[in-house]
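Some structures to go through are shown next.
Both complexes shown next keep subunit A, but they swap its partner, so subunit B is in the first and subunit C is in the second.
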Partner chain A sequence: MLRKLTPYFFVAPLMISIAVFTYIPILSSLNLSVREWNFLSPDMPFVGLRNYEQLLASHDFWNSLWVTTVFAVLSVPLRLGLALVIASYLTRETLHSRLLRGALFLPSVTSAVSIAVVFSWIFSTDYGMVNALFAAVGIGKVHWLQDPFLALWVLIFVNTWKQLGYDIVIYIAGLQAIPGELYDAASVDGGRRLHVFRRVTLPLVMPTTYFLLVISVIEAFQVFTIVNVMTRGGPAGATDMLVNQLYEIGFVLFDIGRGSALAVILFVLLVALAILKSRIIGRKVHYEA
Partner chain B sequence: MKRDNPFLVGLAAIAGLLFLSPVLYSIWISFQTADAYYTGGTAFTLDNYGRAIGQYDFARYLLNSLFVSGMVTLLGISFATMAAYAFARFSFRGGNLLFGATIATLMIPSHISLIPNYLSLAKVGLLDTYAGLILPAISNGFAAFFLRQYIRGIPKSLDEAAYMDGARPLTVLWRIIVPLSRPAIASMALYIFMTEWNSYIWPLVAVGDKDLYTLQVGLARLYRINPGEGLVDWPLVMAASTITILPVLLGFLLVERHLVRGITMGAVK
Partner chain C sequence: MSRKFQSAIAASVLSLVASVGAADAATTVKFWHSFNKTNGAAIDKIIANFEAANPDIDIEAEFIGNYNDIIAKLQAAIPARRAPDAVILEVTRYGLFANNGILTDLTPYFDADPLKDDLYDYAKEVGVIDGKNYIVPFNSSTPVLYFNKDIFTRAGLSEDTPLVTFDEILSAAKTINGKLGAEGISGIAAPGQFARWGLVMANDSELVDPMSGEILLDKPNTIEAYQWMASLVHAEKVASPDGVTDEDAGRDAFLAGKVGIQMNSTGGYGSTKKALGDNLAVRPMPCNKACSVPIGGAGIGIMASSPKDVQDAAYKFVSYASSPEANAIWFAATGYLPINKKSADLPVAKEALATKPGIDVAIESLPNAHGRARTTVVTWMRTTEYKMWQAMALGQRDAAETLKDFAEQTRSEETRLSN
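Up next is the complex of A and B:
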């Protein structure tokens, strides 16, 4: 009898912590999103869908949805495209490829706060390295983080710089898993390099691409640290992404109901995206038997 | 490792340094006096580190980060290993469902739990405590999944031989599974440690007391204290930033292979 309980004993600590800190919060977000509460008042009255209505009627919500979408649409293909091209040059286990891989990978395990602080300085108007380089070739001062258009691009650049090495390492593992004979066969057929890349490499790393696509879109929709440190969502809301909005509403304004409604909307959006992607790309993913 | 073309090695080294130049340059600046920095000269000093550690409490933040990340790693890897062992070796009612629930956490965006976790910890008085920083971070579905795959690769006959000798499941886990999974456990422990070390949004909301700041929150605050352009004491901020990245950087150089293997094995079957 005791024997039967053994596995439950082993899974209990993990299951309890997952339940308490991951699954129950999903339900409690749903509950909080239909209530009005500011963390101070004694009760939290049920207000139906009012929080959602307020959000959907607010300019800030649509702005942050738009900004986040633009960020994801611009940065994800950039990351994956660059990563695949670089990875295809670094698949062999030689000293030079391992050296470069290590350097490229380093930022992905480095503190995002540090990276954000360093790049705030690199892109600062008066003391930045970028403007110093520009001055050397006769270009005047650029206000990188004070210009709505440029600020978003700076964030895309910083995010790409940080995450690129991770994508590369994953791609290398995917590329190394492709059997060498396939390349031999393709080149015997007289395939040129680009042709081989398109007809052999690209389809066969599809599972890796799919994996990276899923996680990088989810990640892009949740980007927060570099926004919080570098721009605070500004200038004029130009980099005000969804999780930044969530932080502002929930933890600066302490509007728990509306913050939770935003969290639920973002949650549904990300789950829908994941399902949609598996519908569209799902068939193309599984190449190997 | 095969012989390599020295020209390519040189090229790779230069490209790597160029790529990392923003961070390398920031480390260089952290050893410059403010005067030298603002006038474009060079004058070495350790004063920025002295001020960051003393006046600005970064010694305290460093210890906080070490303690919190250490505890999260210890608890997280223990919970994950125990669960992985059960999922790999026992078939039990509800086991598949629980394993499914564990894997599903990989797809659940973490922002959804931010407000509820804040409220529930406030309710039990754990905001502004170490426990409040640690507890929400200890469940790691990825580590459990990864270790389960690894343990399944260990021959079951080893377990059975031990049971013949009258061992209990806990003994089998501790004496057979854990020693044989050491590389996988090390990779995951490292992965958990680095993730926790770099985590920002939860420590930012869960802690208001300066004495409990982690390095990440401390650094962001230090930079944000004087947000006006040109007013920022860049050499000081860069010293603080270097303190924040150095432990992970050193760890990375020591165990790069383990870490990369851990990350890629999870992604590519």
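Up next is the complex of A and C:
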């Protein structure tokens, strides 16, 4: 009997922590999304799908869904493309390459709030470093965080800068796992560098790309800290991402029901995207050389 | 073990027991507030004076953040049963807590307190909802107009330049921009939300009628005031757009001597004076079509969930914080309005009035100061106003169209909240 139970004892701590910190909050959000509550009232009356109806009828929700989608569509390929190119140059185990890997990885472990505050100053219209450099070469003031188009690109840039190091490290691991004989064979066959990259490296690094794609799309849809610190969703909603909208509904307007409904919608959206990616891209991923 | 060492241990144990005994005797009041830097030092002094006079009460004060931070953290702390006993709450946003039975009705305390007769009427009014007193005012303020005398002089403007109408302010800001723009100095800081509210009132209008609760966002005078404010940034370019997306940026630039004029709370007088010294000048808010300013600031509420003895101790502190002695210290250090009629007669207040020019401007504005609406929709309206203001000030949307849309949205939100 004890022998049969032993494996369960081993997995119990993990299962309990996942249940407490993941599944119970998900179920709790699901429950709150069909109720009306403001953190304060003792009652949480059941309101059916009213919170969902109100969300789907609001301009702010559709705006934030659109902005988040644009952010994900622009930032994910940029991140992965840059990471793969840089990782290709840093695969060899030299001192120079190790130092660069460390430097590039540093933003990933730096506080997002600190990064956002520093970049807010760098992109400040009047006293920012970027505009000061522009002024030195005769270019006028650019409203980085006040122009709706540029503000989104600034957030994409900052997010890419922060996350790039992690992607590079994962790509380097993927690239190092490709057997060297394949490159030797391609070289013997007269393959040029770009041709080898397209025919050998890209297909064989596909499992890593797929993993990073899943992770970075989830991250892009959950981006919050840099948005909240740098633009607070502004100017006029131009960078109002889904999680920022969720925070505003839940913790500024204290509409926990609608905030939870938005969290549930985001959860369903991410699950749907993961399934879609698995159907479209997952099948093309080869895990063996 | 040496005799000396044994005696040291015995003394330590005795002092530990004595200190535990003393701690047991004191009633601890957990107090959340929103004051740091100059204002934080002033509140610490008031708390220290109170504790010295009331050794049986220990005020455990904690700086939480700005008014919004306090409300957000309080909301999360209440269901987690980690709320404080007393808390600073902004005057337009405590209604949510009062209406949900979170705040103690202080009416019985307040009615029995001689303090009540000493408070100015405006101060007494801000804590009342439906005839019940939920907060006792502590830091009351109005917006005022600050300007940098050095920048005015360098721009060729006299210190007596009239700054009463919108046209006069725009004219001064344009002069500063024209003369000193090349040095990176702007004419005026984009107005923050408190100042925007004041400018709407200066144009003889309101955002929400404080008496009837009617939404007045799309009234012609409100639209006209916003058109003027937006023009400072977008059309006239005398205010930096940095202050539109981050209101603190406008204030910081003024404190750094990079902006000529700024409209902000009188509660910022202390830190502004510290930054600009003798270059600071203070004027009342403009009277474009009317002389009317909003009353801002906050009061202290007591949580209904705290035990009765802690509530009693908390009220003692609340009452002390509004007493002439404490209020005079607070007024002199920060520039917030005196809320107690007897404060101005105390030496510390007299000295401030004599040595800090401009600190009396807000007091002179008091006859024109009015409380603002604090209906439930106000929280939503104030949150959404930032987006609307950004759209207007950055030239993305026409002010009239934006405010009509905003008024409609606010009315439907009010209907949603009332259902």
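Throughout what follows, the second predicted complex is superposed on the first by the 273 of 289 C-alpha atoms of A that agree within 3 Å, B and C clash if a C-alpha of one lies under 4 Å from a C-alpha of the other, contacts with A are read in each partner's own complex, and residues count from 1 in each chain.
Keep this in mind: a contact is a pair of C-beta atoms (placed from the backbone, for glycine too) under 8 Å apart; a residue touches a chain by one contact, two chains touch by 3 or more.
Fair warning: this is a prediction, and the values are worked out from it, not measured in the lab.
In the superposed model, A:S120 lies in contact with both subunit B and subunit C.
By the touch criterion stated above, A:F251 is placed in contact with subunit B and with subunit C alike. Applying the stated contact rule after C-alpha superposition, one finds that A:Q54 touches subunit C and leaves subunit B untouched. Within the superposed three-chain model, A:N38 lies in touch with subunit C and out of touch with subunit B [touch as defined at top]. Contacts of A:P235 after superposition: subunit C is touched, whereas subunit B is not reached.
In the superposition on chain A, A:G259 makes contact with subunit B only, while subunit C stays out of contact range.
Counted by residues of subunit A touched, the larger count belongs to B, out of subunit B and subunit C.
Applying the stated contact rule after C-alpha superposition, one finds that A:L95 touches subunit B and leaves subunit C untouched. Of the two partner chains, subunit B is the only one that A:A274 touches; subunit C does not reach it.
Taken together, the two structures place residues 120, 124-127, 251 of subunit A in contact with subunit B in one case and with subunit C in the other.
Touching subunit B in their complex are the following residues of subunit A: 4, 6-8, 10-11, 13-15, 17-18, 20-26, 28-29, 32, 93-100, 102-107, 109-122, 124-127, 129, 166, 169-170, 172-174, 177, 207-208, 211-212, 218, 221-222, 224-225, 228-229, 243, 246-247, 250-251, 256, 259-260, 263-264, 266-267, 270-271, 274. Across the interface of their complex, subunit C is touched by residues 38-41, 54, 120, 124-127, 143, 145-148, 231-237, 248, 251-254 of subunit A.
Of all residues in subunit B, only 1-2, 4-5, 8-9, 11-13, 15-17, 19-20, 22-23, 25-26, 38, 78-80, 82-83, 85-87, 90, 92, 95, 98, 101-102, 105, 107-120, 135-136, 138-139, 141, 144, 169, 173, 194, 197-198, 200-201, 204-205, 215-216, 219-220, 223-224, 229-230, 232, 234, 237-238, 241, 244-245, 248-249, 252, 256, 259-260, 263-264, 267-268 touch subunit A in the complex they form.
For subunit C in complex with subunit A, the residues that touch the partner chain are 68, 72, 75-76, 78-79, 96-97, 100, 102, 184, 186, 240-242, 244-246, 249, 253, 258, 379-380, 383, 386-388, 390-391, 394, 396-397, 416.
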